[in-house]
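Take a look at the structure below.
Labels run A, B and C following the written order; every chain starts at residue 1.
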Amino acid sequence: MSRTIEMSELRKRYGANDVVAGVSLDVGVGVTGLLGPNGAGKTTLMRMLATVLAPTGGHLRILGRDLDDAEQRTDVRRQLGYMPQEPGFHRHFTVFEFVDYVAILKEMTDTHARHREVRRVLERVDLGDVAGRRIRKLSGGMRKRVAMAQALLGDPRLLVLDEPASALDPEQRMRFRELISELGDGRIVLVSTHQTDDVAALCQRVIVLRDGHAAFDGTPAQLSALARDRVWIADTRDDRAQLSWRTAEGRHRHVGDPPLGARLVSPTIEDGYLLLAGPAAIGKELAA
Amino acid sequence: MSAAAITSATPPAAPVRTAPPPVRAVRWALTRVEGRRLLRHPIFLLGMALSAVTLALMTGRLPFGALDYSATPSMLAGDCFVVVGGALWTFLAVFLAVTRDRRDDAQDFYLAQPTTARLRTEAALLSVAWAGMAGAVLIALGTLLLVGLDGALVTDVVNGPIVDENQRYEVQVLELFQGPLYLVLAGTVGVLLGSWTRHVYAAVFGALVLFLPPVALLPWLVFDEGIGHGYFGAIEAAADVGGSAPIASQLLGLAAVAAAAATAALARHDRRLVVLVIAALSVAVLVLGLPAGPEATLPGQPPPTTP
Amino acid sequence: MSGQPQRLALIARTLAWPALIGGAALCFAIIVLTSLDVDSSPHTRWPGLGALALCLGAAFVLDDPASATTDASPTSLAKRRMLRIALTLPLLGAVWAGSLYYATTADGAPLGPDARGALSIQASAMLATTLGASAAALRLMPGEASGWAAVVVPFALLVCAYYLPQRWALLATPAEPGWQAAQQRWVLLLAVGVLALIWASRDPAARSRAGGVRAATSLRH
């Protein structure tokens, strides 16, 4: 069985607006990060890959299945774990009841085996102690972990995680990184995030979406390298920079065309991303 | 939590991937979960409590009361579920269950699963049987308490029981199925409405229009009783009828209406079922249009005049 | 020119108009149709059944999906709720008045002004208790839509109206001896509903009076 996602000129149009405007990518085993500004089409793309949204154009094959066929689409869903960006919950359900319900929808019909699996995934995300608590009494971060838990049910081959680390405290974000790293062995894991340091820590590959197109496809190091010799530090703000901000040490970090004699520093993924897809992006030719 | 504790222990083993189970197993698992949730739903429990109070109240079993105990047969024949009783609240509870995915914006969880919306609707329809069973238990308890195994009406449970041997009520077993079947019908209509809209106010208005006497349209539409008839007329009439044929036809009519509602709910996912809906409704109209059979009355009551 | 008309227009856009209009339409239909059925009992033709439909539609008036944001605004919760209710009253009042025009007495005659006044008090009491329950549900379960919880109240009132024993009866015709007492109970229900609405519309961030005094005292030391 194929272990990839294959997209060819994938499109999604709403009215006159192409939210996803022709994305062609192959995604294989490992952790792939999806970055992009707000409105770039990340969530729309994730929803198409999670089979909850039908594309309006192009072709999409997941794990060797053609999603235009209902039977094959169902087969993909049997091997899919999806964590939505803004999950809605049945607030009067307990944590266990909700994950158990999703487990039934995942066709786990044996009660004992299903409950065992529900307990397993809840332990995985550190919610074992609150399994009996009603979801409306949980914090936002804990609800995110409930959403993650249901995505892990059945040990899926494909994980589509839309902003999984938002609303998590620092400790939980570390645990999340650990979990994703383990899951990336032998699985296709696609993570959409705004956290560039999560991408740097987790992903073997990064895709940057901008205006519905894939503006970059490479490794995190390659994304950082886009900003090589274009990041410098100064004591005062330099108006010639495309972007600048004050650091915690009280100095100014700049991204753009450095002046002569500027003190260059090593670029980060964030610098490369900002040059590519930030508000003053000048990197269209860099994405080629 | 310390840094050492953050490093997790070896995670428990993931399940071995097997072939998908048969569809009926998934349907049954969903049905069980939905049925159990329905039985615990506060609105459904409110309805059953109101039905139990109505059963007791209308038969004069509480210190304050309304009618005399001759209302017992019609109450046991299902009227206890009609008069702001179980049917209306079963309808609402089932509607809330069927629409929870849309009202809670949880549809993305559902759409990404291999279980289809049609299968979930089928499970919801089957889970309504749990409401029917709860109704059957209530009717059975009521029958035992208010009539007893010998068929004599108990005139004063509170201070008694005092049994009036002169008022011996011939319990028609088929009659006792009317109430639970009416609950099933109410739940099925709840699934139907929930398949087409998620708005709670639509269900609230539907409850008023379809189930709440004296404006309840469902009995009026189905049984040709005028608006303002306070009760489920055919049930009340059947309670006075001793012959088994009219009661059986009543049950068949109720079942046909429920089947029509169920098919209409499934038609949301398969337009070809619309034909079946029309067929089921036709059966219901034909069956319920049959004239009532020979009538029997309680001892001591004058025989009803034949229309 | 003040921003009040603009504010009212914006608040109006946040109301659940389909529920309100649906309830209004049902109210009118129920009262007109039951009035046409001259063989039915007086209780069947009680316009309170129409008022029930109005209340079911109005049960969703206080639901505000943006409350997490608007609760922090300088406009108080009480004022925001009063504005929401005030915007619905013209529709509710007009439909109710129009419905009463068609309502009839036990012998099929049009209602007199006294009867209309009494029935309007009953309807107001049902509405006030529904809105009071809605506000209370929102206070006790913040973040939840309270409409569906509040609909229990008008149904419960209907049950009580039909089944309460004589000494607590809510339903009586003007010819019956218990008429005045029944009306007094409706007025009491109206007061209870209004008080519940006021209580539940207090500023949620305000401390209790006793707590405020203790805090003020401790600051002095």
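The rule is short, and it goes like this: a contact is a pair of C-beta atoms (placed from the backbone, for glycine too) under 8 Å apart; a residue touches a chain by one contact, two chains touch by 3 or more.
No experiment lies behind these values; they were computed from the predicted model shown.
In this view the innermost chain, defined by its CA centroid being closest to the centroid of all protein CA atoms, is B. Greatest centre-to-centre distance from chain B is found for A, with centres as Cα means.
Work out the mean CA point of chain A and of chain B, and you get 46 Å between them.
Centre-to-centre separation of chain B and chain C, using mean CA positions: 30 Å. Multi-chain contact residues of chain A (touching two or more other chains) are listed as 91. The touching residues of chain C, counted against chain B in their complex, run 16, 18-19, 22-23, 26, 30, 33-34, 37, 39-41, 43-45, 49, 52-53, 56-57, 59-60, 145, 147-148, 151-152, 155, 158-159, 162-165.
Taken together, the chain A residues at the contact with chain B in this complex read 47, 50-52, 74-75, 77-78, 80, 82, 84, 86-91, 100-102, 104-109, 111, 113, 116-117, 120, 123-124, 147, 150, 154-155, 171, 174-175, 178, 182. Those residues of chain B that touch chain A in the complex are listed here as 1, 6-8, 11-12, 14-15, 17, 20-21, 25-26, 28-30, 33, 100, 104-116, 120. Within the complex formed with chain C, the chain B residues making contact are 46, 50, 57, 64-66, 84, 88, 96, 199-202, 204-205, 208-209, 212, 214-215, 226-230.
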